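Two complexes come next, and they have one chain in common, chain A, joined by chain B in the first and chain C in the second.
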Partner chain A sequence: MTPQARKICMLGDFGVGKTSLVARFVRNTFSDAYLTTVGVKVDSKEVALANGQAQKLVVWDIAGRSALDALNMSYLRGASGLLLVADGTRESTLRTAIDLLMQSRSLLPDAQAVLLVNKLDLVERWEVAPSTLVELRHTLPVLETSARAGDGVEQAFAELAGRLQA
Partner chain B sequence: MSDLERLKHLLLADERETLLLAEQRIAALEQANQELATLLPSLVRAAPQEPMTRALASPVAAALGNAVHENRASIIDALFPVIGPIIRKAIAEALRGLMRDMNQVFEYGFSPRGIRWRIEAWRSGVPFAQVVLKHSLNYRIDHVFLIERDSGLVLHRASSPGLPELDADAIAGMLTAIGQFVRDSVGPGGGESLEAARVGEHLLWVLDGPRASIASFIRGVPPDTLRVILSDRLEQIHAQMAGDRLQGVDQAGALQTGLDPLELVAASAAMSDRRELATSKSLRWPVLLILILVLAALTWHFVRVERWNMRVDALRAALATHAGFLLTDLESKPWRSLSIDGLLDPDAVAVAPMVEAADLGGVRAQLRTLGFVSTDDPVLVRRARRLLAAPATVTLDARNGALRVQGTAEPAWIDANQARAGWLAGVRSVDWQVRPVDDGSARRNAAHAELTGLAARFEHDHVSFAHDVDSDAVSAKVLDQLAASLVRVAALSVEFGIPVKLGIEGHTDSVGSSETNRKLRLARAVWLRDKLRDRGAPAGLLQQADLGEIAVEKDSTFRGASLRLTVGASGP
Partner chain C sequence: MSSELSISGFSADVESHIARFLFERAQPLLLEFDKSWQLVNLQGDTARFGFDLDDARTAAGQLQDLFLGMPLDETIDLPFVQMPNGRSAHVHLLVIDRGYQVLLLDAQGEHDRQQSQQQSGNEAVLIGHQKTKAINQLRQIRSELESQRARLQEANALKNALIATLSHDFRTPLTSIFGYLHLLEEEPDNSAGTRHALRALRRNSNYLFTLAENLLEYARADTRSSLLAPVRLDLSALVADLLGLFKPMAAEKALTFSIALDKADSEEPLLDELRLRQVLVNLISNAVRYTQKGGVGVQLLWKDGALKIEVRDTGIGIAEEFREKVFIAFNRVGQAAGSGAGLGLSIVKRLVRQMHGTLELHSKVGEGSCFRIVLPGLAKLVPEADADAVEAAPSRIERMHTVLIVDDGPDITHLLEVLLSGMGYRVRIVGDATSAVESALADPPDVLLVDVELPGLSGNTAVFRLRAKGYRGHIVTLSATPTEEARKVALNAGANQYITKPIDIEQLARTMQRAVASS
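And now, the complex of A and B:
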């Protein structure tokens, strides 16, 4: 039986690695070439949950923006979960992710959200302080990921899927 | 307390208490009424939805109807932003259907393929739409998605068997995203939507509803009825969603979508048949009538043109055989104009009367001619007669340029024109057979001359007598000659009317008395007359002859008889 699908949206600033995370999650691939996402790209994948069940995620990879315009807001409609992505090497992208979360709350007050701090493979160049992440974890789940190495990617999507199932 | 007060208290205590309670109750009700206006919205929200909806349905409908009657302007202002796009969309859809129908009419109606299909439908008795469906609408629906409009999640999907598996969620999501992008980019009010797109060999149709959309991937050319069927299905699905209070994709499995591709194709074909049947019944007679009228008009036109062409051909043939006329051009517009150009010999018979005599139905032909010299035989004859001024006794004839002139004419005319005839234009040779005019004078003169000659001969031809009235043998021969000559004299005299006078004379010698000799001469003249009568000489001539005697010359020795002929003038 086909598991029930849930729509999740990737939100984050330019170049934080949203598309790379989706590629790693859906196709287990990574490319150094940076391709700006135009508009939105939709993919889907099933995630096995800890309880043995499966959850299908329809991932809307929305083009990187520092703020949500009307079109991007329309892309968010009907979403059950949000994957906020920040670049650990650029602290400003973390603030952008938080801002995007705040903006999306007006449309999706009940959506589950998980924050991914990407580019863990470049941890030595991170600007985001660990203490900041500790503070953030008090309000929403925060996972450190690397689309290049694949670290934490599956766990991040599984975390969100689990929260959607709950 | 006075006595009166006490008495009132004793008598009306119960009533006063009841009145007080009633006043308190009224005050409480007024208080509640005052508070009801503020509490009513929250009470309505808190009330169970189903009974509240039922309770409000009738008064709301009545209030709405009352508002339409009494405050129409406000209702129009409120509905205008909604009705406008709906009307525009309906008109656009109708026009699109009309254009599609017109395209199909032109494509199927006038192309050779369309005519062939119509013949097949006519022959087999199958509706034309069914034949077209059989031949051209071999489309198939590969995939049908029912998509939640907000989230882009798949509520239901159906695919034709045998197709490879595809990521329906991703496709539905992308379709939704593209639809939202189109709505946001193209439609300024957000009311426009993506309705169709072509992806490779697939035609993508998207039908949007308030809560869900149907996306169909179609291979081939679908009929417009398929869109109607899909719209019906979408409306039915929305009706279920409203009735079942469907909230999201979790309950989507309970939907009766009716979106099986094969069922959709069958329903579309059935609707096409019904529509074609309905239209063909209503349009058959007018179409047949129009066809008959068109055929009649075409037949009448062709017959009319053919009649004109026959008349023009007849005129053309007459002009081609008209001697002395060379047709160079003939332009004809049936029953409108006729223009004839040609060369005409001045001696030819005029062409205009023949053209005017042609039955052209009131069309006046324009005839333009230039002069030239024709070698046609009839024209040659007319030219020769004009230039030679031939008299009526002379007949002219020509054959292949050979002029033949025959008859009688005055010698002067013959002398003047015999040589000229060969110089006439177009004359190749001349056969001149004209005799001079013969009025009888020549023959009469000849007859006169012959009579004169005979008269001279009579002076020498004598009959001699050996005795008194006996001639010698030689004289018998002379008698025969004289008789023959008299026959000739009588014939010529009668034929040409030349007066002659014959005299028969006797001769004697001078011996004897004069009286005896006179009687003897008379007897010899009578003898000669009788002898000539016996030999066939004309009796009339002999009867009128003078029997005379010649005076005897002195020393005459001749004894015999002779004839003397006096010839009158030859002219009348």
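And now, the complex of A and C:
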């Protein structure tokens, strides 16, 4: 039986680790080299849901932007979920992630969203304060992740998959 | 050539040329699917975009995923989509009656150009962010260092204030001790035992005073403020004191001990006796302490207006690598384990510098050390008037001069009263600044001897008030603070002379002599 497929989009400023998170999630690989994404990369992976069913996630890794333009909007069409990604070592990327969520709401009013604060392995250089994350958790799920070490990555995708199912 | 025009406005030939050019660049791949996404037809090179035709179902699935969730009733354009083989393509979905056509146009060249531009732009922003962060961190570190420095300066100021207080508290009782010792020593019918006891008291008081002065000297933050106190020095008396102090110590260790004095100049040297004494006590006590056999020899040569000092021992010596370190406070050299705070030589160096002298150290490990010091006489440093005062020989007082003593300490006032009465002065005493002003104005004394540290208004305030009221009598300010600043404050307030505690009896006599002479 073909599992149900859902489109999810990675959204966030450039350099926050969206491509690395997808690489860790889909292929369990990581590279330290930073290579900016142009356009979009589409990958897919099946995840097992809590109810035992499988779900196919079609992951759109969209080029990092601080604001959504028409091009990005065209990539978002049909998405059921958003993985918003911020870089814990750059607090400004957290604001960008929230801004992108707001902007996407006009096109995707019902999309589920989960916030990933990445680069947990560099936590000693984080600018994002724990208290900020506590505040954010009142409005949306927030997970700290490390694409380099793999911490929180599976959980983040599973969290979103679970919310898509609900 | 055809002249037929197309919708672009260009001729068919031109259009055809453009089409060929774009076609070659785009390398289009057209895949046609039925309504259920079964591949029914294709045109173009599938391998260019990494599709495996042997697995058409997978290829169809990959393309179908691109349109997941989108309404498939109109054309969809997706620029720069990464294909299975990593190439970038513009993807277009065309809706036809029998299903869908997916047109892929190669966009790798354009992708690479954009990526190159964005990569350098993004990297510049990331580096800029790191740079800003590093600068902010450096600023924060600087700010922390500055506040730390401010705290240290504050602590240092507190320390100095404490030391100044200690200095005062220490000098005041010593004034009593030395003063009463002097009175007791002057008693004509002292027994031999009493004289011996008094000598021991004076010797040990001197020693205690010198050691404590070491600590105070070390703690004085601003060495420039230290005031030199030149006096005509009786070198023979100094030698006698040092022999009395160190000979028993040397004898206890079975060491020889000698002090040779050679006064080539006939005039007695003008030197800061207290500092010179500190230098000699420190050097000799070190020499005795670190010598286990042999002996310690001291030479003093007063010649050509300078005092040349040599302290030689047959002790453990100081290795080359430690010769600089021994002059640093609290840095006793490794092999020289022993008691003491490790302050002595640092104090010696500082005092010699204050007295404008030079210091040399010669040493050989296992054979001993030799310190050579040259101290210029301070005659050139003493102001004309002060020099006159220093050099003025005490003469008999012809009439009863009056002295008004302003001090709140009964021990000191009593001592001064005894001393000054003994010198032939008529003494009046008041204990505070207000009484001093009233008493001095009501019955002007020949000399007003006022302590700076009084309860309520300070002695300097009393002097200032008197001068403000036109008082013209001679004023000597007495203080336990031996700094240039304190001296300036007192003189600016209107004092004619400034002397410090502990009171040197001879200096007091000369000061009073000068005072009455000018009054």
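Throughout what follows, the second predicted complex is superposed on the first by the 166 of 166 C-alpha atoms of A that agree within 3 Å, B and C clash if a C-alpha of one lies under 4 Å from a C-alpha of the other, contacts with A are read in each partner's own complex, and residues count from 1 in each chain.
Heads up, the rule we're going with is that a residue touches a chain if its C-beta (ideal position, glycine included) is under 8 Å from a C-beta of that chain, and two chains touch if they have at least 3 such contacts.
A quick note: this is a predicted structure, and the numbers were derived from the prediction, not measured.
> Could you check whether chain B and chain C clash or fit when both are placed on chain A?
Result for chain B and chain C: clash.
> Given the touch rule stated above, what does A:15 touch, chain B (first), chain C (second), both, or neither?
The second partner, chain C, only.
> Looking at the overlay, does A:4 come into contact with chain B only (first), chain C only (second), both, or neither?
Touch partner of A:4: chain B, not chain C.
> Which of the two partners, first being chain B and second being chain C, lies in contact with A:90: first, second, both, or neither?
The second partner, chain C, only.
> Based on the superposed arrangement, let me know which partner A:58 touches: chain B (first), chain C (second), both, or neither?
both
> Using the superposition on chain A described above, determine whether A:71 touches chain B (first), chain C (second), both, or neither.
After superposition on chain A, A:71 lies in contact with both partners, chain B and chain C.
> Would you mind checking which of 27-35, 63-71 or 189-197 on chain B runs into chain C after superposing?
The listed stretch with clashing C-alpha atoms is 189-197.
> Identify the residues of chain A that lie in both the chain B contact region and the chain C contact region.
Correct list for chain A: 5-7, 39-42, 44, 58, 71, 74-75, 77-80.
> Would you mind writing out the residues of chain C in touch with chain A in their complex?
Its residues touching chain A are 62, 65-70, 76-82, 88, 107, 111, 114-115, 118-119, 122-123, 125-126, 129.
> If we count contacts the way the header does, which residues on chain A are in touch with chain B in the complex?
My answer: residues 4-7, 39-44, 56, 58, 60, 70-71, 74-75, 77-80.
> For the complex, which residues does chain B have touching chain A?
Residue positions touching the partner: 148, 150-154, 167, 169-174, 177, 180-181, 183-185, 249-250.
> Flag every residue of chain A that touches chain C in the complex, lowest number first.
5-7, 14-15, 34-36, 38-42, 44, 58, 63-64, 71, 74-75, 77-80, 90
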